[in-house]
Each structure stands twice: as C-alpha cells, then as structure tokens.
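Note that subunit A is present in both complexes that follow, paired respectively with subunit B and with subunit C.
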Partner chain A sequence: MLDLLPQFLVNGIITGALLAIPTIGFTAIFAVLRFPNFAVASHATVGAFAGLVANVYWGLPAVPSLAFAFLIAGIVGLVSDEIALKPLRKHGALTTAIASIALTIVLENIIRFFFGNELRGYDLPLVRDTRFGDVRVNPQQLENLALAVVIMVLVFTALKYTRMGKAMRAVADNPGLADLKGIDAALVGRVVAFAGMGLVGIGGMLFGLGTSIDPLTGFRFILPIFAAAVVGGLGSIPGAVLGAMIVGVGEEMSALVLEPAYKSAVGFLAIVLVLTFRPSGLLGERAY
Partner chain B sequence: MTDRITTLGPNRRSVLMGGAALLATPAILRAQGTAIKFGTLTPLTGVGGTYGPSMRDAAVSVFDAVNAAGGLLGGSIEYVSEDTQTNPEAAVRAVRKLIDVDGVSVVLGTWASSVTTAVAPLCWENDVMLFCVSGADSITRLPHMGYIARTQPNSVLQIQVAGDFMLRQGSTGMAWIGPQTPFAQSSIDILAGQAEGAGIGMESLIYEADKSTYRSEVDTILRSNPDFIMLGGYAADSTVVLRDIWQAGYEGKIMGPAYAVNPSVLDALPDEVTEGVFTWEGAPAIGSTAYANVQAALGVDVVDPYSAQTYDHASLAVLAAAAAGDAGGSAIKNALRSISQGDGTEVSDALAGLEVLASGGSVNYSGASGPCDFDEIGDITGTQFLFNQILGGAPSMFERV
Partner chain C sequence: MLSWLFSVATFAGIYALLALGINVIWGMGGMINLGMAGFFALGAYASALATTSGGLPIPIGLALAAGLAALAGGLLCRLTLRLRGDYLAIVTLGFSELVRLVAANEIWLTNGSDGISGVPGPWRSELTPFRFNVLSFALVAAAVVVIWALTERLRRAPWGRALRAIRDDDTAAAVAGKPIRRFKIQAFALGAAILGLAGAFYGHYTSYIAPDIFRPLITIYIFLALTAGGTGNTTGAIVGAVAVVLVLEGSRFLEGWTSVLGGVQKAALREVFIGVALIAIMQLRPLGLLPEKSPGPFLKRKSR
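Showing the complex of A and B:
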C-alpha cells in the first residue's frame, strides 16, 4: 500500500488547493461578519450552475465561465445576505448561522426548481491522465491547480495592497478601531459577502470541472470547508489555505490506514484535535 | 330609563348553534368520507431525486385513471405525496405524517434501502402496507408480518446474476467498488464466493458516498489489476468513479446497475468514458399495456425501472383493495397475493382488473415491471434480467436472461 503514498500525496495537494478557494471565502466572511455562513454549500452550487450555463449553454471556455461563476455566486451572496442574514446579525452569531442553514436549503431548492435533479457535466474535453513515474496526474487537475494558485495570489494581493483589502483586514481585526478611522463597516461587509461567496462559487465550479454537478454539489463540501477553516483558524485567510491543505492531504492519505468509507472522519478528527489543543486554530484568528 | 346593555361577544344561542354545527361537521365529513387514502413516499430530492418525481407521477396516473373511471369501492382515491429526501430521518418524519396526519393505508415507492428499512417498522406497526423498490435482502427478512412487498429483485439475486454474467464474459480478476449501503457487504460476499468458485481473484473497496473525487480509491482498487469492475453505487458517485477509472487508463470491462449508469449519467459523461460499460436491471415488461400506460403518463419512450414499479405498486394496491372490498392496510396485505398471482384472468392495468373483479372474476396482475408475483416474505419472483451495453452514449441490448 505504501507504494501508493506519492500518488495519494499528489491527489491530496490537488484536492487541498481546490478546497482552499471556498474556504478562503468562508473564513473571510467569518472574519468580517463574525458568523459561520453555512450557506456556502448552496453558493458553491450556485457557482457551479452559473459556470455550467456559461460553459455549456453559451459555449464559453473554462476561465470566463469561472469569472461568471464568481459574479453570480457573489451577487446571490450579497443579495441573500442583505435580505436574510443581515437583519438577524444583531441577534447573535448562532441565530445567523442557523438562518444560513435555512438559506442554503432555500437556495438549493431554487436551483432544483430551475435545473432539476439530474447530473450535469461541463462541456470540456476529457483526457486521460499523464504519468510521471508511478504518479499519475490529469491535465485538467493541473489546470485546476494552476487556477487555484492564481486565484489565491489575487486574493492575497488584493488584501495586502488595495484600499478595500486593507479596510477588510482592519474591520476583521478591530471593528471599533476601524470605525473610529472612518471605515464604512457596512460597505466592507457587503464587499466581503460578495467576494467571499464569489470565491465559494468558483470553488463549486472547480470541483464540478473534475466530476459532474447536481443541486447537492455544494452540500458535499460543507464539512471539509468548515473543517479546513477551523483547523487553520476561523477568520484567518492564510489559515484557510493551510487548513485546506491539511484536510485535503489528510483525507487522501487516510486511505493508507483507514477504510475509505471513513474518509470524512479525517475532517471531524482534525476539528476535534485542533479545538482540543489549539482552540483558535493553527494560525489563530488574525485575518491576515 | 333603562339602559340596554349590548354585548358584542358570543351569546348563549350563537354558542349553542355553533357548537351544534361543530358537532355535526365530522358527521358531514364522514358522510362524504368514502375517500380512500394512499400515500406515495418517493425520493423527490437527494441522491434518488433523479427518479422520485417520475415514480410519483407514474403511481398518481393509476389513481387518477381509477378516479376518472368511477373510483374504487364506491369512493374516490385521495393520494398524498411526500418526499423521503433519500434520507432515512426525513423519510421517518414523512411517513409519520402520512400515517398519523393523513391516515393512509398504503405507502408506496420507497427507493433507498436505508429509507425502506427505517420506515418499514412504522408501517407494519400501524397496519399500513408498504410497497418498495429497494434491493437490500435484509428488508424482507424484517418481522414485517406481510406488510412489505417489493417489486425490485433483492440484492442477492441481482449480484448473483451479475456475477454469473461477469464470469460468462471471461473475467479472470473481478473487483467491486461502491459506497457504504445496506447491500454493500452482502454484494462483496456473494461476488467473492463466485470468484472463489471460479478460481479467480476478487478485490473490493467500500468508499464514502458524496465525495467529489475517488482517485485514491480507484488507485487502490486497480492495484489488483482486475479485468472486470462492478460498480455498487448510485448515479452521482458512479459518475465520478467512471470518470476516475477512465482517466486512470483502465482498459478492462465495467458493469453497473442500470439505476447507477442511467441516462443522466450518460448525458453528464463524454461517450468515450462510458463506451462498452455493461448495465443490468430487472427487465421491464416492454410491450405490455401497463408499460405503454407509463410511457404515456410520463411522456417518455424508455421507462425507468422504478417508475414502472411504482405504477405497479399503485395498481396492486387498487386491485387488492377492490378484491378485499376494503381499502384498509390489513385487507390489502391479505388480498395482495390473490390478485398478483394465481389462476385469475391475466390483466396488465388496474382498470381492466377492476372490471374483471366487478364481474365476479379473479385476476392475476402482471405490470409494467414484470409479472409481480411475490413469495411468502414479499420478495418478487420470476424476474427476468436485461443486460445492456453502452455504445455511443446510449444503452444497447446485450442479452436477456
């Protein structure tokens, strides 16, 4: 079984990189709006279906389709946050988190209403894996990995060098102080709801590119996304990337010691271990 | 001068009249209450959501046809449709509502074995007849006292038939890969027994459902170099596994149940991925009146096996109630085998059966899914199997056994 270790490691890194994108969105929303938005599940699905419309119905290639997925998931994220979640935020994080679960069910069923339950695939040429020694990698996976890296670089650059990025970090670190400095927290909240859910939408489509999609697509990622965010430190964006890598690689490598039927246990185990020994996560709560 | 005090609240007369009206209401409802209540409990959402809506529509088409032709036992059939969400917990809530609130005497159409296993005790404890399309052999071994009938061949029979097929096709190394389900381990055990009998190797792997990639699982199963892989999952995970197996460069044979390698999977995957894959299913009675009725009701050319079966569930429930002269769950249970098998007039839809019964005859119903004969524990008998091979993205008949 150990002969498969390099292959599992590669599989894990690719899974982890894809997982990092929606996890960044999830943790950014937590950092600024201070509640776990479980509606990421349906927003990943929204992104996957928006990408499908662009790719299959309009015939656009993968990258513009991803941009469309970002846009639509972001708009849905912003609108649904304004209507359903923002009015509840003053009642506490738990209330808002529960409402976000309700929201995700509503959105999932809206997608089901329009697209049905059938599985759908993207219109992309499928190619066999390329072998490097004992390790096989699919060109589509490498492309997804490259896209994931580019998106992560863009996010980090935006956070570090743009005015809005700095404002987001300020509100995340100390909302009171940010307010004193004249930063419009409501505007920052809207930008985060848009960009965070946009990233989640991209994540949904990136996962769908390798498989197929249906209204439950996003629901399948909710546990790994949450686990990755908790492991890295809820609210920490570099932590989201680290957590996603740990969960992604951990799930794939677990096949060496665990029955594959218990793969998800890795996510739960990671949450339990981190909450026991380092409750604020590996990189703490600082947004950046 | 005397002030008259008027009250706007209820006075004695209005209260008495209202009370009398209230007391009278149930009697009025009872006078109209010859309605018979049947429930459909199909997976409208979740993994089985591909099938649930058409399963419900197929069953409902029978009730509508019977109502349009004058009803059943002097009344009309009322039906209530609930969603299992392909989830045992949601299904238990739904069946509780069907039984406790709606008062149905029949529940039909449960799909996933885990769902049927969860709702079955509630049905038999409440004298409600349960018709299901689930395959796990454990289901009919439950102490159900006759309240379960299934139109789907059980998993033991299905796997034996498929294993024989793999051996007939010359397999020298088999593999089974599928998610954790009530029939996963029994499928592996049966296949392993057949492989051992034939003196060939057999590898198996149970994975977790609802994952977006199974690359590592596929790598693991391919280590044993199988030349024939059987898929044990449902449509969503089978799509991922088929793609991952193809991308890994596997060149051997693959087979999967027709419900897993279904039209939506064939649509979602490029043709080269599914080329040559075998599927098998209980052969529907193509050419029968019942099959034509389901085609017309659903507006499709090819009826999926589950919609064919729920059409039969509804027809069997109607005919059993008519034969018993009582639409209660217990009466339907007791009368089921008197209309599903035996020497009666062969009929293929409920309306034809009702006519025969009304004229004092007896019927033997054979429906859209096949003969619909049941053994003493509620398993279907006499099913034929249809093997198809996917060629150019569409199933093409390979053999019928």
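Showing the complex of A and C:
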C-alpha cells in the first residue's frame, strides 16, 4: 500500500489545486460580503453546465469553455445576489445564509428543468495516462492543474496590483476605513459577487472534466470547499489555497486507511480538528 | 380520499414537529441549524434500526432517536460555541452531508442507498391501511400537542426568557450573569432531540427510509414553514408547517392539469417555487405572518 504513496500525493496535489479555485471564490465572498454564501453549490453546477453547453453543443475546446463557465456563473452570481441576497444582508449573516440555501435550491432546479437529471459528460479527446516512474497521470489532469495554477496567479496578481483588487482587500480588512477613503463598497461587493461565483463556476467545470455532471454536482463539492475555507481561515485567500491543498491531499491520502466513499468525510474531520485546536484557521481570517 | 387526507395530515404533523425543533434552535435560541436533514435522518435511522435489527419496542426507538440527535446536536454546538454563527452553519451543513454519506455507505448497518424497508409501525399488521393512517395521525398529533405545550411552556419560563435575551444580545445576557454557553447547548440539544423524534415518527409511519429522503431540500421546507409562520412563535411554527404541506400537496393537483411538462420538470418547478417563496417572505415579511410576541409577565399579571 505504501508504494502507492507518491501516486496519492500527486492525485492529492491535483485535487487540491482544483479545489482551491472555488474555495477562493467562497472565501472572497465571505471576506467582503460577510456571510457564508451556500449558493456556491448551485453556482458550481451552473458553471459546469455552462461549460457543457460551450463544449458539447458548440464544440469549443476546454479553455474557452472554462471562460464561458466563468462568465455565466459570474453573471448568475451577480444577478441572483442583487435580487435575492443583497436586500437580506441588513437582517444579518445567518438570515442571508439561509436565503442562500434557498437560492441554491432555486438555481439547481432551474438547471434540472432544462437539462433533466441524467449524467452528462464533456466532449474531450481521450488520452492515455503518462507515466513518471511509478506515478501515472492523465494529461487532462495535468492540463487542469496548469489551468488552476494560471487562474490562481491571475487572482493573486489582480488582488495585489489592480485598483479593484486593492479596494477589495481594503473593504475586507476594514469596511469603515475603506468607506472613509471613498471606496465604493457596493461596487466592490458586486465585483466580488461576480468574480467569486465565476471562480466557483470554473471550479464546478474543472471537477466535471474528470467525471460527469448532473444538477447535484455542486452539492457534492460543498463539503470540501467549506473544509478548505475553514482550515485555511474563513475569509483568507492565501488560506483558501493552503486549506484546499491540505484537504485535497488529505482526501487522497485517506485512501490508505478509509474506503474511497468516505473521501469527502475527510473534509468534515478537518473542520472538526481545526475548530477544536485553531478555530481561526491556519492563516487567520485576514483576507490577504 | 379520506385516508389520503389523514396521510397528508400525518406528514403535516411531522413537518410541524420539525418546525418546532428548528424553532427552539433558531427562533428561540438564534442559532442556525442548516443540517436539519441530518438530525431528521439520524433519528429516523436510530429508531428504525433499533426496532428492526435491534428488535426493541417502538417507544424505546423513539427515545433513542431523540437522545442520539440531542447528543449530536449538543456536540456540534459545543464545537462552535466560541465562534461566530457562520461556523455553526457550516458545521451543521457538513454534518448532514456526513450523515447521508454514512447512511449510503455503511451497507452492513443501513442497507446503503436501498434503504431500510419494513420499519414497524404501531399495530400496522392488525389494522386496515385506513385505520393505520388514522392512528398514525392521532399519535403524531398528540406528539405535536405535547411538544408544542412543552416548548411554549419553556418559552414563557425563565429559561426561555434568558434564551431570548441571549439570542438578542449575548453580551448583555452574560453581564446579567446568565451562563450563555450552557443555555445555548441545552437549547440546541433540545431542538435536535425534537428533530430526531420527528425522524423516528417518519420512519415508523412510512415504514421505509433511505438516504435520499433526507435531502437538504427538506431543511428549506422547514425554514419556509417557520419563517412564514413567524420565527420564534411556537404556534406560528405549526401553522407554517401545515401551510407548507398544503402548498406541496396542492401543487400535485395543479400538476394534473399540465401535460406539456415531464415529471422531473414539474418537481423542479415546485422546488423553484418553494425556494422563491422563502426568499420572498424573508424580504417582504421578515417577521413572518404571525410575528413573535414576547410573553410579557406584566401584562399577564394585569389581566388577572
């Protein structure tokens, strides 16, 4: 079993990198809008299906399809936030969180209405696994890993160097002070709702590329997404990446001791451990 | 038809129990429990397993269901006690996914996704289906009345007043010397016990449980019931639950009129409606149709 260790480690790093993308979206929304937006589940599904339309119906390759998934999930995220969640934020984070679950049910069922419950797959060229010594990797996985890394670099560059990125960090850090400096918090909130859910949508499609998708796709990923966000520190974007790596590697390594069906239970275990020993997460709650 | 009415009424009673349980946690305690489906499932499985594989009588199954759910609820609440409510939301939602995962995979115990069939109901074999429905309704209704009386009594008692004070401002309550942690854990455990009990009733009434029955959707149904009825209002919780069941069952009649849509599409539309209704009520009537009224002790004394 131990000779499989390098293989599990490689799988874990790939899973972690893919998980990091939607987790960044979830945690960024938490950092700026101050509530756990459980509608990430449906937005992952929206992204996965938008990518499916671009890839299977229009015949686009994976990368433009991912861009389309980002765009559609982002637009849905922005519009649904404006209509459904924004008016509720004054009633508190928990009320908004409940409404975000209702929103998830609504969006998931709109997708079910048009696409049905069948499992669907993307139209991708089949390729053989590549071997590096004892480790087998599918080129598609490598491509996904590379894409995930590129997206992360883009996100971090945007946060560090653009005006909007700086404004976002300012609002997350201290909304009152940001307001004093003339930062338009409402605009920042809209950008975060769009970009955050867009990233979640990309995440949904990236996961779907490896398997198949149905309207419940998003719900299957929420436990690892929450776990990654809490482990890294809720609201911390570097924490989201670190947390995703820990949860991803943990999930794959769990194959050494657990049945594969319990992979996603690792996320819950990680949440319990972190909340017991280091409640603010590994990197704390500072956004950046 | 009459039998069907009693069956609908029984489900309404089970929903009312769920709404009463959530009302203790969210309405009275201000703590969020998005894993309601998990506690519902835990109770259903505990009682079903105790009475099928365990061969125990149903009342012991009910007690086990309430006890286990209370234990799980107390532990989850304890885990996130020092943290903001957001964490409790994540942990409870994670918990319900975990329960579903265990129920679907521990085939030796739960029979996996095939579920457990043949869960015993009280005198099911001796009664006609109609009489069984009437009896089940009577039992569930009795449970609703007992739990209603219990939580209403608690709400008016010093315990309920302290809990409300903690919900509205826990710092002030702590300054007033209330042990806020103990109150929160007690309230969460009590609410979870009611949810577990509702699960047990569900299993014994329908005789069949499976992991897919306990989807997060049911959590939304119950929050809709509670929000519509008036969060924190015990009677409102029951009224809301009955209203939600009427809407769900009523939509089946409407379904009969349209033949353009497939079954999946109709079900999807119904769920869209439920979700939209919850968000709309939260925005338009945040206090619900029957807003919570604080049972003021002074008023009561005056009226005597």
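By our rule, the second predicted complex is superposed on the first by the 287 of 288 C-alpha atoms of A that agree within 3 Å, B and C clash if a C-alpha of one lies under 4 Å from a C-alpha of the other, contacts with A are read in each partner's own complex, and residues count from 1 in each chain.
In the analysis below, contacts are C-beta pairs under 8 Å (C-beta built on N, C-alpha and C of every residue); 3 or more make two chains touch, one makes a residue touch a chain.
Everything numeric in this text was worked out from a predicted model, so none of it was measured.
With subunit A as the common reference, subunit B cannot sit beside subunit C without a clash.
Judged by the touch definition given at the top, the superposed model places A:Ile13 against neither subunit B nor subunit C. Touch criterion met: A:Gly210 reaches subunit B, while subunit C stays clear of it.
Using the contact criterion defined above for the overlaid structures, shared-chain residue A:Leu71 touches neither subunit B nor subunit C, since it reaches no partner.
Contact with subunit B, but none with subunit C, is seen for A:Asp129 once the two complexes are overlaid on the shared chain.
Once chain A of one complex is fitted onto chain A of the other, the partner contacts of A:Arg112 extend to both subunit B and subunit C. By the touch criterion defined above, A:Leu282 reaches neither subunit B nor subunit C. Applying the stated contact rule after C-alpha superposition, one finds that A:Leu103 touches subunit C and leaves subunit B untouched. Of the two partner chains placed around the shared chain by superposition, subunit B and subunit C are both touched by A:Ser264. Of the two partner chains placed by superposition, only subunit C is touched by A:Thr95; subunit B is not. Of all the stretches 109-117, 145-153 or 235-243 given for subunit C, the clashing one with respect to subunit B is 109-117. When both complexes are aligned on chain A by C-alpha atoms, subunit A residues 109, 112, 117, 219, 259, 261-262, 264 touch subunit B in the first and subunit C in the second.
Contact residues of subunit B toward subunit A in the complex are 45-47, 49-50, 52-53, 179-180, 205-208, 210-213, 215-217, 219-220, 223, 235-236, 239-240, 243, 246-249, 264-265, 267-270, 272-273. Put simply, subunit A touches subunit C in their complex at residues 30, 35-36, 38, 84, 87-88, 91, 93-95, 97-99, 101-106, 108-110, 112-113, 116-117, 219, 222-223, 226-227, 230, 234, 259, 261-262, 264-265, 267-268, 271-272, 275-276, 279.
Subunit A contributes residues 1, 4, 7-8, 11, 15, 109, 112, 117-121, 125-129, 136, 138, 207, 210-212, 214-217, 219-221, 252, 255, 259-264 to its touches with subunit B in the complex.
Residue ranges on subunit C touching subunit A, taken from their complex, read 30, 32, 34, 79-80, 82-87, 89-91, 93-95, 97-98, 101-102, 104-105, 216-217, 219-220, 223-224, 262, 264-265, 267-269, 271-272, 274-276, 278-279, 282-283, 286.
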